[in-house]
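Chains here go by letter, A, B, C and D, matching the order in which they are written, and residues are numbered from 1 within each.
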Amino acid sequence: MATAAETKGWTRDQMAARAAKELRDGYYVNLGIGIPTLVANNIPGGMTVTLQSENGMLGIGPFPYEDQVDPDLINAGKQTISELPSSSYFDSAASFAMIRGGHIDLTVLGAMEVSEKGDIANWMIPGKMIKGMGGAMDLVAGVKKIIVVMEHNAKSGDPKFIPECTLPLTGKNVVDMIITDLAVFHRPDHDSPFKLIELAPGVTAEEVREKTTANYVE
Amino acid sequence: MQKIYSSAEEALQGLLFDGMTIAAGGFGLCGIPERLIDAIQASGVKDLTIASNNAGIDNEGLGKLLRTRQVKKMISSYVGENKEFERQFLAGELEVEFTPQGTLAERLRAGGAGIPGFYTKTGVGTQVAEGKEVKSFDGEDYILERGIRADLSVVKGWKADESGNLVFRKTARNFNQPAATSGKICVAEVEEIVPVGSLDPDGIHLPSIYVKRLILGAPYDKKIEFKTVRQREAA
Amino acid sequence: MATAAETKGWTRDQMAARAAKELRDGYYVNLGIGIPTLVANNIPGGMTVTLQSENGMLGIGPFPYEDQVDPDLINAGKQTISELPSSSYFDSAASFAMIRGGHIDLTVLGAMEVSEKGDIANWMIPGKMIKGMGGAMDLVAGVKKIIVVMEHNAKSGDPKFIPECTLPLTGKNVVDMIITDLAVFHRPDHDSPFKLIELAPGVTAEEVREKTTANYVE
Amino acid sequence: MQKIYSSAEEALQGLLFDGMTIAAGGFGLCGIPERLIDAIQASGVKDLTIASNNAGIDNEGLGKLLRTRQVKKMISSYVGENKEFERQFLAGELEVEFTPQGTLAERLRAGGAGIPGFYTKTGVGTQVAEGKEVKSFDGEDYILERGIRADLSVVKGWKADESGNLVFRKTARNFNQPAATSGKICVAEVEEIVPVGSLDPDGIHLPSIYVKRLILGAPYDKKIEFKTVRQREAA
């Protein structure tokens, strides 16, 4: 079995685990689909973290057992889920009042690009079929802290943390933290530049610099 | 005042016209007004503008109305998982007004609440802001979004009493509540109609004032888009 | 016992009964305090009319029996009431979404002045203690049909249906029908003048003309 | 995460400061956060701006804070039945921003929902419109009203579970729901605290996310402003 020390960079699960370190007791959190969903499996023991689903639920439980599957109980990714004793349901307008109003403490989202100014693009590739932004624009505009979890580079090798987004934006100057398979970048507020605050195992600051076009503080 | 109709077709009698705007409840295939969508399809009404978070999938939900080319325009936040939609959209046969999910929910609520416009941070600095008024409040920019007042709302509830008070079940509530208020008239289908007095007055999700016509839509064969389960550990 | 025919003009109860003739089966109605409240006692038999209370209730029941009095169950006039099997409760924002959104069919309100253009003043007398408009401005702005029930003349004898309101307005160009102790005025839409459509027993059109300064059609 | 505090005083610890804005639930004396009002009074915090539909009556509800001169300004729709209020107001010692009841409810909801401004027909052409932007939508005039984001919300519920999910009872719900969402932090008092899992997830009026601190306020001696009854007919 490979251990983290033998592997260079973080796996998807490890990126999710790193994001989970940003959770605090009592947080209300919205998790995007993909890697962000894995954050739910990494909530530190003894900590109460409540997951919101923007289709109208607070307190998402785990996937249901086969005999508990309920078509009326799905998450925002339209997957079947289960409820918890502390769950509550509400309508979509109430759900986004919560999101837009700044009541959610943290959201973890995937991204195609993040700019050095904190812009995020994750909903549309011109020329490809456009599926729509869903709730992503509302989340990045409304949630208190925005964490992006993404591969450091695209499959083509192109950097994804870049000076200026080339794709249509989901939100402008909204990202607080970026967690990639190589490193973690953070900024304390939306007027400050991002700072490299952590390296994945076996990754050097030079390597990160080489693989990034965005300006950031080391 | 009798609100209960014997079929979806009857409940929609006199309410449909070409070029109308319809607000529909549901999220994906969860909580969609299936019977009413079928009756709208059967009526042949066309050039519809439909405000609905999603557009169904191929031949399920609103996908049925796309297939018969009854829809001119969708106001939606997410339209994936629908090949016919994709075909019509790419061919320029179908207009789409992409609206962030929360903005769509609020536009429906606002339209139903007599609010023709409201300001939101959502979409500032993005394509969504194009052509919209920007106003600064306390040093931050917001865009003006319009309320949606539909000609008709079609929604799916869990239980209704005979007076039209309605409750939803779990995440099937979603857009059904705001969509119901958005319409000049709202027609609801439910899984069960119970006598007046059976529902808790403190627990009504949609007060009877919004439900003008009502049908019993059961039995339902509820579809699941992505069934995800976990395994029970062996004892 | 005096009968209606022997009395000149309408009593408060008769004015309420006249207003009740505007009710239709299935109507959702909001009644103001004072004479409008009496409309509830005059709902025609066999007709379902649901009363809304703007503090968050649909389906107002009668006053409670002594042993049913519940401090958590009051109307907008802060009087104790009872519930019906069809009642529902909601919060104030939801209640006024209903009102502002045009979902209430009819409201019956008192007034200090109504102008010939349908302006209404019923919330404030400058120089006197100001109590506030409560929900009156929302009701006249949002409800589909606005009926004013008021004495034709003030105690001083001054007309209350006048060319232009002298008191601060509650709403501009909003009134559809005026029921006084002497007559009923109606207009089919907000661009038309009011028309005298009915006289109370023993009242002549001349008398109404003498006691009114507003212009109206006979 | 422990949300339950042993007293109103403890629950308000660190949250009060002079000049702050507080949103308070209640309609008349129905559903008012009595214990929290008492603790605010006892704290001596002053120059308060309070958004509340009413201002209590003499020495009941918010009337208590008026009596001790802790209130600088009220944002209310109706302030009758309060002699001390009247005295301070007429003497120019107390500022009042009269807001139509529905506009106030919507301003609180909007503030809590991230909406800094919305348009409404209510008050067009009246004193309420003075100094406000007027905009025409589809040929009709509307005025711009601002959302209210309070520093603190104080509300009264019926039952809460230990995680902070809350339900109200009958017309005591009123402004408590929108006021709760308006505050940067919301403290709630309830008549009963029940174990997690005791409340119906479909019937929660105020989800736990809004309730940051919670106290058991019972027993309550609920006041009635106008007791009106009917007589039982003799058998």
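Just so we're on the same page, a residue touches a chain if its C-beta (ideal position, glycine included) is under 8 Å from a C-beta of that chain, and two chains touch if they have at least 3 such contacts.
Note that the structure is predicted; figures quoted are calculated from it, not measured.
Undergrad: Name, by label, each chain that touches both members of the pair chain A and chain D.
TA: B
Undergrad: Does C-D or B-C have the larger number of C-beta pairs in contact?
TA: Answer to which pair has more contacts is C-D.
Undergrad: Using mean Cα positions as chain centres, tell me which chain lies farthest from chain B.
TA: Result for max centroid distance from chain B is chain C.
Undergrad: Quick one: chain B and chain D, Cα centre-to-centre, how many Å?
TA: 32
Undergrad: In whole angstrom, how far does the Cα centroid of chain C sit from the Cα centroid of chain D?
TA: Going by mean C-alpha positions, chain C sits 28 Å from chain D.
Undergrad: If you average the CA atoms of chain B and of chain C, how far apart do the two points sit, in angstrom?
TA: Chain centres of chain B and chain C, defined by C-alpha means, are spaced 35 Å apart.
Undergrad: Please report how many Å separate the Cα centroid of chain A from that of chain C, as a whole number.
TA: 55
Undergrad: Two or more other chains in contact with one residue: find those residues in chain A.
TA: Those would be 83, 89-90, 96-97, 99-100, 141-142.
Undergrad: Any chance you could list the residues of chain B touching two or more other chains?
TA: As it turns out, chain B has residues touching two or more other chains at 106, 109, 113-115, 120-121, 168-170, 173, 201-202, 205.
Undergrad: If each protein chain is taken as a node and each touching pair as an edge, is the resulting graph a line, ring, star, complete or other?
TA: Drawn as a graph, the chains match no named shape, so other.
Undergrad: Go ahead and list every pair of chains that touch.
TA: A-B, A-D, B-C, B-D, C-D
Undergrad: Which positions of chain D touch chain A when the two form their complex?
TA: 1, 109, 111-115, 161, 163, 165, 181, 196-197, 201-202, 204, 207-210
Undergrad: Spell out the part of chain D that touches chain B in their complex, as residue ranges.
TA: Checking each residue of chain D against chain B gives 106, 110, 113-121, 135, 137-138, 140, 142, 146, 167-170, 173, 200-203, 205.
Undergrad: If you look only at chain B, which of its residues touch chain A in the complex?
TA: Within the complex, chain B contacts chain A at residues 27-31, 53, 76-80, 86, 89-90, 96, 98, 100-106, 108-109, 120-128, 158, 168-178, 205, 222-232.
Undergrad: Quick check on the complex: what are the chain A residues that touch chain D?
TA: The contact residues of chain A facing chain D are 25-26, 28, 48, 50, 52, 58-59, 83, 85-90, 96-104, 141-142.
Undergrad: Please name which positions on chain A make contact with chain B in the complex.
TA: Those residues of chain A that touch chain B are 53-57, 62-66, 69-75, 77-81, 83, 89-97, 99-100, 119, 124, 129-138, 141-142, 168-173.
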